[in-house]
Amino acid sequence: MRSGADYIESLKKTKPVVYHLGKRVDNVLEHPLLRWPIKAIARTYDLALDPRYSGILTTTSPLTGEKIERWNHVFGSTDDLVARQKQMRFLQHRLGSCALRCTGLGAINGLYSTTYDMDQKLGTDYHKRFLEFLKRVQKDDSFVSGAMMDVKGNRRLRPSQQADPDMYLRIVEERKDGIVVRGAKAHQTGPMIANEVAVMPCDVMRNEKDRDYAVSFAIAPDAKGITYILQHNLADALTLACEGMDLGNIRYGCQFGATSLMIFDDVFVPEEQVFMQGEWEFTRQLVSRVGTMARMWQCGCRPAIFDLLTGATRLIAEYNGVADSSHIRSKLTEMSYLTETVWGLAIGSAVLGEATPSGAYLPDQLLTNVAKLQSTRAYYELVKLAIDITGGLVVSIPSEKDYRNPDVSQYIDKYLRGVAEVPTEHRMRVVRFIQALTGGPVAAALHHSGGPIENQKIVIYRGTDFEEKKRLVKFLAGIEEE
Amino acid sequence: MRSGADYIESLKKTKPVVYHLGKRVDNVLEHPLLRWPIKAIARTYDLALDPRYSGILTTTSPLTGEKIERWNHVFGSTDDLVARQKQMRFLQHRLGSCALRCTGLGAINGLYSTTYDMDQKLGTDYHKRFLEFLKRVQKDDSFVSGAMMDVKGNRRLRPSQQADPDMYLRIVEERKDGIVVRGAKAHQTGPMIANEVAVMPCDVMRNEKDRDYAVSFAIAPDAKGITYILQHNLADALTLACEGMDLGNIRYGCQFGATSLMIFDDVFVPEEQVFMQGEWEFTRQLVSRVGTMARMWQCGCRPAIFDLLTGATRLIAEYNGVADSSHIRSKLTEMSYLTETVWGLAIGSAVLGEATPSGAYLPDQLLTNVAKLQSTRAYYELVKLAIDITGGLVVSIPSEKDYRNPDVSQYIDKYLRGVAEVPTEHRMRVVRFIQALTGGPVAAALHHSGGPIENQKIVIYRGTDFEEKKRLVKFLAGIEEE
Amino acid sequence: MRSGADYIESLKKTKPVVYHLGKRVDNVLEHPLLRWPIKAIARTYDLALDPRYSGILTTTSPLTGEKIERWNHVFGSTDDLVARQKQMRFLQHRLGSCALRCTGLGAINGLYSTTYDMDQKLGTDYHKRFLEFLKRVQKDDSFVSGAMMDVKGNRRLRPSQQADPDMYLRIVEERKDGIVVRGAKAHQTGPMIANEVAVMPCDVMRNEKDRDYAVSFAIAPDAKGITYILQHNLADALTLACEGMDLGNIRYGCQFGATSLMIFDDVFVPEEQVFMQGEWEFTRQLVSRVGTMARMWQCGCRPAIFDLLTGATRLIAEYNGVADSSHIRSKLTEMSYLTETVWGLAIGSAVLGEATPSGAYLPDQLLTNVAKLQSTRAYYELVKLAIDITGGLVVSIPSEKDYRNPDVSQYIDKYLRGVAEVPTEHRMRVVRFIQALTGGPVAAALHHSGGPIENQKIVIYRGTDFEEKKRLVKFLAGIEEE
Amino acid sequence: MRSGADYIESLKKTKPVVYHLGKRVDNVLEHPLLRWPIKAIARTYDLALDPRYSGILTTTSPLTGEKIERWNHVFGSTDDLVARQKQMRFLQHRLGSCALRCTGLGAINGLYSTTYDMDQKLGTDYHKRFLEFLKRVQKDDSFVSGAMMDVKGNRRLRPSQQADPDMYLRIVEERKDGIVVRGAKAHQTGPMIANEVAVMPCDVMRNEKDRDYAVSFAIAPDAKGITYILQHNLADALTLACEGMDLGNIRYGCQFGATSLMIFDDVFVPEEQVFMQGEWEFTRQLVSRVGTMARMWQCGCRPAIFDLLTGATRLIAEYNGVADSSHIRSKLTEMSYLTETVWGLAIGSAVLGEATPSGAYLPDQLLTNVAKLQSTRAYYELVKLAIDITGGLVVSIPSEKDYRNPDVSQYIDKYLRGVAEVPTEHRMRVVRFIQALTGGPVAAALHHSGGPIENQKIVIYRGTDFEEKKRLVKFLAGIEEE
């Protein structure tokens, strides 16, 4: 298994084509935005090497018999699913920022079980190809990024109905030795700093017309024809403008995803890395499984983020001298209530998981979607409560640069103090920490990762056995006998 | 193990003193309110005998080595806790009305572990006495009712501070062979139709002044000096006035508790049935454990009740011809979402349970309280959605007696029809079913069973490790190093 | 203007055909359910005669120049609309139960302006006919009941598409001197104890096929062919079973509507009382105007009901000794917040009202629907808070009959006492009062009167000027210039 | 009355001492953050000169008899209060960003009525002094900034109890010709670009010990001893980093307040500008009145901000091709519902306003606080809905600089297109517009302006007549006779 330094070393060997703020990024390692997720990812590697955390962060691969990080593990039991949720909360507690590696784990588990089913039914050899890929990933201890979300154009039209046929990634050429693909993946979390990218469709293909859009494969992040254009939002602007405590989380920054628009401009994929090539009738299960897992992660992640927000809110209440007010206690209780609701559902959905024919386990679909929807709704409540307790300083806090400017430093130190015994700087740090978790585009990042809430609602609706519920009522109401 | 008929037979041997609507109840078996809970309880016995459900409803007692109902079982593992939640949802699906036996299970588990701890620390023999009681209960397959909630008087005053010292049940005399108690238990669910009553304090006693209120024991429901005065609320009035479909649930009625005010007018309790006699320092753990379990049951019960309400709502939507409206689907989705939130938390709190020193398991306290609070809040949302979809007929539905009156029967049949192919009677039955679950005192019954929500909030607040959360933030915000 | 006694006298002259609980009702004045609404209505008459309240409850009719009750007044200004809201809150404070007369006021105002428009456009004389009717009503100081809601059958089908063509009230014969109608009106509030009934369609008729359903007229409550079947729900059962304090509101009972299924079995309506006869293109505005007003009333009524619930909750908190707890104060604050939200919107929607071509004023449609939706959602929150503070006694309270039974009276008096200085009976009265307002079918009555919430949402959606909002954004975002 | 250019000209005459990002700001007019609020304020002046809007934006001063902007007007009627709400919604529609001038209007109205009462009771001449100030302000058409919020230190301690006595602004010296003050005002909106600053206490002073903190006066923004340190949050960082469409609102930027820490380092105030000097017993009414008005503005402002967010959300739904989805319609309906709730309450609270002894009108306190609390809670709901509909692009949108970079411009144009017929740039502009209104520190700015929500709750609790509500219940429940 790799260390953080090994991971950073591995990035030196790739040369992805990345743009940001109108310029080509020469070196991802030194880019002022990308250095934060790289630091976070490196930390996940280092923690996994720490023997104290081996039960939480590592396991043994049934494929290779070797110790691997849970990030690259196929779930073999509901215990594995529970362990995954605990790994997630553990790591997010220590990072307070995106760990970035979740999408790969979804891809690994979704493709494992789906290629198995394809081979069983169609006699293809996708699963065999995939196992080779997985062995390499586990052996190299790679950071795999999963790329799924297409740019979609007009949301009302199927891929083949779009004015521009490239609004969903598609096969534009099938060669003997592989395929050529074109299109773009949106909101991609960190592929430009990954070791491998696993690409999948984001939507169910319903018939032969959309066959070319049923495509999945692994690709190197710097393969010819791939271009990344980085996001630039409010948090990014602050990250570029500031150093130190203005970021709030001074250890791993305030980054929720380091996303990019990932463009595939006629990229060649060799046959051995192709895991789906037109089998549209398998897109439903692939999309559904990867989607379920994407939502599962959120429910391990969110409680940790909420813990941090709750902790910071409690701190600012103490620094302001009001931690014992009844309304503050009541609001902190509500924050904990919301947090643990998501966590309890995260555990419940893992425990009630079931095996696919391949032996890989999936969490309970219905509960996973309930949990994700709870987490999405809860975030806004937590933000409201945190902002309420923190006060207007979340808006009006001056920069650390003013705090360090001898002309006005003493004013800030004097007047931004809360209770006398806590240094003003500590208070400012906590306010910035809360600002980072409540302001900027965090809401949207937490809202949409794992897919739009209407998808979750659809799963909840479909996952509810209304017929059974009706049957029970008909007996009790005397409409039918048992 | 007993059958339903055996249980009914057992009631013939008792002569509890019961009052209702200003009169003495001669025979509980024939009383128009009590016959419904008796029917429901009898059904729980019959189902437990059904070999198809033996895994769900029965287990083996480590105490006797014999097959027993889960109702009288001490939880020996987290699997037992999960099984309990499944038992609950299973039974409530079939009853749609209160199963009444939960309070005894809480008493059994709470007293098992607390008397163990008392004997360990104090050298008493309460646990030994309790085991004798438990063996009898398991052998007889008894219905045990737990009595906990005192009438409390002025809620701001401790028991010994009350103007009337009897506002909490207390020991008024200590004899060689037992104790004499006085006071009243409020909202008691079904002790007058139980085989045994286990009495416990409802609040933490804080010092020697409240010593006499630290009392727990088992007693026969018809012991000398015990009087019951039954509740009479809106649902009871309907139950008395109607037969058949006006009740909604024609199988087990619309009863949520068959509660009574249970008065102890200087009742003698023989020593061998006393499980606590003044050890006020153990009241905290007894109250907390029994309270946690009382809340645990709700979280297995509520999803089943919500399932029935959802099923009935879906039925009425179908009978009205609108089941496919997008807003109906959206509302049904929300109903399922709320239901499964409670269920997922019920499972999560069971899975994360832990053993007490006695070996008896308790569910996770924090998650259990989160789950109960979710269930309480969810009910009102479900009611709102159900009423919304059902329409004004929930208010304005005529009685079955009019429907059977040949003068107007044809009018009702003609005009209260929804979609042409469904009989009007079916529609009326479903409306009544929804009325029973949304109207009357159901809200209050579901709200308060398991204790007031502020108790749950206190547990959530205390159960939240704010110090750990603060520590994590202090590292990330740069206030402290690791 | 009439007194309450005059009103009661007027009922002696009618002989409506009414059924309840399987029997013909001989005399509405002595019927145990109907006596409560009759008492409430009589009180509205008596209060209007009280000179202290003349500004609030009466005004001068521009039609007759005489002093009339606001109940039968055509709104001539936004001041009139505000006055109406104040009249409503004033009366509901004093009744605590349904005043029943709202539907007539909606009918009067809706028909006044719509018949005016019809005559203007079509050259008919409906408005003239209507003015004659209105003069009589104002002169007699009649209680007019408006009948609108059809039974509707399959909600997905238009009236003429139903399997049974009578699912919406319709003209079955057009004679020289009048029309014959058949069908049924559902959930009708008090027509059997009214002096006049104004009948209107409940839905928009879209084309000539539904022409026969575009019908409006006035009719005597005991006209030949009209039959009423009364509701019978949980609150009704309690009302029948109990006297005195078990009802909660011992002055006017717990009745929200005294509704009935009102059947028109080929009823003849003389021409001079017909206000619409096939003009389907005017149904949209009639339905919309009457609907808007129906929702307007709720927003004057609800704050008063909520005031009572809040007052009762505060009382029980005091009787329990906890009125000063911070969580109780916080919950009472929330109750007031919800109440005043509806009230502020009630006033806002009145102030922003506008005149129709006839000179009659309508409240602002958008705000009225917003207000009604707020009131509907708020009720469940208030119930939750009230139940929370009241405790389980809302379920488990024994009947007054037990309290009067010397065998157990002393037990109840002793053990159901809260703070020592408040008589137990007072505490029981308040618990019953809260039970009446939170239990039973009140939720559904408050939810649905004024129409289903989806109707309100449709009005809100349609009433929102999205184009204007988009235009503003396009300028600010630089998509368009001003 | 001045034009926008006149206002800008007026700023050239002041030399406030301002710091930002560690540096002294040479010229506020050219500062990259401050230029946006200056532009917005200038626009308010220009619009007031536009004869089309004279009813909305201007009125006649009873003091001078001349036409003035509503910004500097003392409310003489409830019509004035309603007009103020309409002015606010009108302006916010056109600015989409903070108008900044509200705090002065609160100060003017609060000081007008309070100095009047002080003079009446104490025989002082504060009101006379204040009228001179007001005449000058109205004559010069000045932008007055109100400074109220102290930095507060330990929130549990009264001003005189703080470890540092300067945590609330105080009089440190009383001279013959005036006073010297020390302290700091937090979150001050735009005083460094104002013409006058009116300073008031932020909290009620309870006794003589806090006498020196009962101080109010007018001061020039660049008076000797005043230093401003500007805020620097995420939105500010974006504003500095970007030009053009990345700001979302390209006309007036994304600034909610341009706040600063405003330090008074022993500032001399001449006697004629002092409006309160130690009269602590009048702080309660001053704080309460200014606070009520501060909350009143929010309720005129918020509906306009919400309109813009709703309009933008509708636009993005159209650009994505999903505007007709039922769930989108349902969410847009909810956005409108929330918006109009605040608006209806804004109107209701104005209409029910009452005169103070001075003749100046105050809005209804209870409803104003209800409205503000609704607006605060509503914002988070609107954000959730807007983010939900907009999708992940709110996070992952690339900068305009990339869009203008010929290397990747074609990729962005191709792949970020929604429906084919809408230019990609338009879609990006709307996403940025939504980002500006939902991300960054907007939530906190909207949450806290007008004071913390607990203050609003206190007013709601105190403003609720529980005694009257109890009295009504006691009659209806039979506890008391009328």
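Note that the chains are named A, B, C and D in the order they appear, and that numbering of residues resets to 1 at the start of each chain.
Here is the rule we use: contacts are C-beta pairs under 8 Å (C-beta built on N, C-alpha and C of every residue); 3 or more make two chains touch, one makes a residue touch a chain.
Since this is a predicted model, take the numbers as computed values, not measurements.
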Rotation angle superposing subunit A onto its copy subunit C by C-alpha atoms, nearest 5 degrees: 180
Pair with more cross-chain C-beta pairs in contact, given B-D and B-C: B-C
Most distant chain from subunit C, judged by the mean position of its C-alpha atoms: A
Subunit B and subunit D, separation of their C-alpha mean positions in angstrom: 52
Gap in Å, rounded to a whole number, between the CA centres of subunit C and subunit B: 38
Subunit D: positions in contact with at least two other chains: 327, 330, 457
In the complex, subunit B residues that touch subunit A: 82, 93-94, 96, 244-245, 248-252, 307-308, 310-312, 314-315, 329-330, 332-333, 336-337, 340-341, 343-349, 351-352, 366-367, 370-371, 373-374, 426, 429-430, 432-433, 457, 460-461, 463-464, 466, 468-479
Partner subunit C, residues of subunit A touching it in the complex: 326-327, 330
Subunit C contact footprint on subunit B (complex, rising order): 19-24, 149, 151, 153-157, 162-164, 166-167, 184, 186-187, 227, 229-235, 237-238, 240-242, 246, 256-257, 259-261, 263, 265, 320-322, 327, 377, 380-381, 383-384, 387-388, 390-399, 401-402, 404-405, 407-408, 411-412, 414-420, 435, 438-441, 443-445, 447-449, 452-454, 457
